[in-house]
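In order of appearance the chains are A, B, C and D, and numbering begins at 1 in each one.
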Amino acid sequence: MARLARFSVSMDERLLDRFDRLIGRKGYQNRSEALRDLIRDRLVEEEWSGGEADVVGVVSLLYDHHTKGLVEALTGVQHDYGENVVSAIHVHLDHHNCFEALVVKGRAASIREMADRLGSLRGVKHTRLTFSSSGRDLP
Amino acid sequence: MARLARFSVSMDERLLDRFDRLIGRKGYQNRSEALRDLIRDRLVEEEWSGGEADVVGVVSLLYDHHTKGLVEALTGVQHDYGENVVSAIHVHLDHHNCFEALVVKGRAASIREMADRLGSLRGVKHTRLTFSSSGRDLP
Amino acid sequence: MARLARFSVSMDERLLDRFDRLIGRKGYQNRSEALRDLIRDRLVEEEWSGGEADVVGVVSLLYDHHTKGLVEALTGVQHDYGENVVSAIHVHLDHHNCFEALVVKGRAASIREMADRLGSLRGVKHTRLTFSSSGRDLP
Amino acid sequence: MARLARFSVSMDERLLDRFDRLIGRKGYQNRSEALRDLIRDRLVEEEWSGGEADVVGVVSLLYDHHTKGLVEALTGVQHDYGENVVSAIHVHLDHHNCFEALVVKGRAASIREMADRLGSLRGVKHTRLTFSSSGRDLP
């Protein structure tokens, strides 16, 4: 069972007031939750910065599925990094455009490499790699 | 049928050489394709910056599904923005941690608002909003 | 005289432990100071996102001062936004390359516009706009 | 004397049209110049990503100069990284707030370390590290 730490923080009350208004607008019920989120977000950046840590993320792809050979190439690259692709979702946006979100897992460096290879294929119009975490070390 | 434009670009050959080496490492077969990708990426930023444009993106969520009331709250928010959530993928990372990627569509401002509301729920450990595009105006 | 607020925060002790290690590596002496910095950084993002707030920042420029007409053009744009340029520093990097950092102040939207105009001049190789704050509302 | 390369690029004319409108709004006179800027901006990211390359950048600092011991501490850190600080500009924003922009040069890893140490000092309210380049390999 996780143990809860409790500690006190001091800050100028005008700073706290601005923070409270910001997190109110964002929908937070609770100052501790908002601070935990700020901390976790910073830790996720750290996990990805090294390259060697085990991370979770999303590769998003926008492509024209009519491009000759593209679907095969996309599948090929995903197989080369088979252990990194956890799951995928495919959305038909219109007659030409497909959108795909791959949930990826593994070494940050491999995942960057895979995203580069997917993004550089002809017919892939846009790629982004989104950082997240397995949550294991992110209580 | 799309018409192809062809134009010439001039640059210092040392700059071109560095660019060619960069895109070679990324896996590009073709300089035009790499330049088109740079341009599209910049246009996607523009689409999202206004707030009013119709965009496509991904909201990624890492959460502990044991948090009391969380699954209902996540579903509730997604229903409030029903027309914006195109599709979703759910991954069980371990006993506690779930990862969800929502493909979202619509006005940039609504999507930001939904992402804020999801991210501020207690038990959601990490949220990111990834920008992409419907591709309709991004040949 | 500023009044100090003191409040308590609760979090899983493993999360707190990771945060403490991170801020130790960064050199923080003090957890409250690190949390205040996280909060201020988020508030600076908010100040800039609207366009209408009064902000402070830096426009950094790398350029080749041998480019014909460039020095005049840079000066001209800076004069058009005279009230926004607080101060400037100029560094001669080598025979060709100059680096300039302009401390800028005013409406976020004007400053973005000025940075765009400077960055688009021929001979300016690289521009970045860095967000900061006047500190007035950022205790 | 630099040699100019000239090459042709092909793209869907609707994509080119959107790009031309974007760069028109930004103030570019010339499509080649806008493409060179996109390329250089990407190369600057690469230079900084490794940690070992020689880079140029700006560390911006917002601080309250009344904080006891702060001015000495800021000076101390800057001396520890003396070879990295090329030049500095100091602006008195109001009775409390000072803004400082340091033009920095050297190994990306050292500069990040220095920025962390400066940012973690008590009384420093906000720090950003801005990436740029010496321009030497960025024609």
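In the analysis below, contacts are C-beta pairs under 8 Å (C-beta built on N, C-alpha and C of every residue); 3 or more make two chains touch, one makes a residue touch a chain.
As the structure is a computational prediction, the values presented were derived from the model and not from experiment.
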Checklist outcome for this item: Residue numbers at the subunit A-subunit B contact, same meaning over half shared and different meaning under half, come out as same
Checklist entry - Using CA atom averages as chain centres, what separation in Å is found between subunit B and subunit D? => result 26
Item to check | Rounded Å distance, subunit A centre to subunit B centre (Cα mean) | outcome: 10
Checklist entry - Which residues of subunit D are in contact with two or more other chains? => result 36, 40, 138-139
Checklist entry - Considering only which chains touch which, how would you classify the arrangement: line, ring, star, complete or other? => result ring
Item to check | Each pair of chains that touches, named by its two labels | outcome: A-B, A-C, B-D, C-D
Item to check | subunit D contact footprint on subunit B (complex, rising order) | outcome: 2-16, 18-19, 22, 31-32, 35-36, 38-40, 42-43, 46, 137-139
Item to check | Complex contact set, residues of subunit C against subunit D | outcome: 23, 25-30, 33-34, 36-37, 40-41, 44, 56-58, 60, 62, 64, 86-89, 91, 93-94, 96-97, 99, 101, 103, 116-117, 119-122, 124-128, 130-136, 138-139
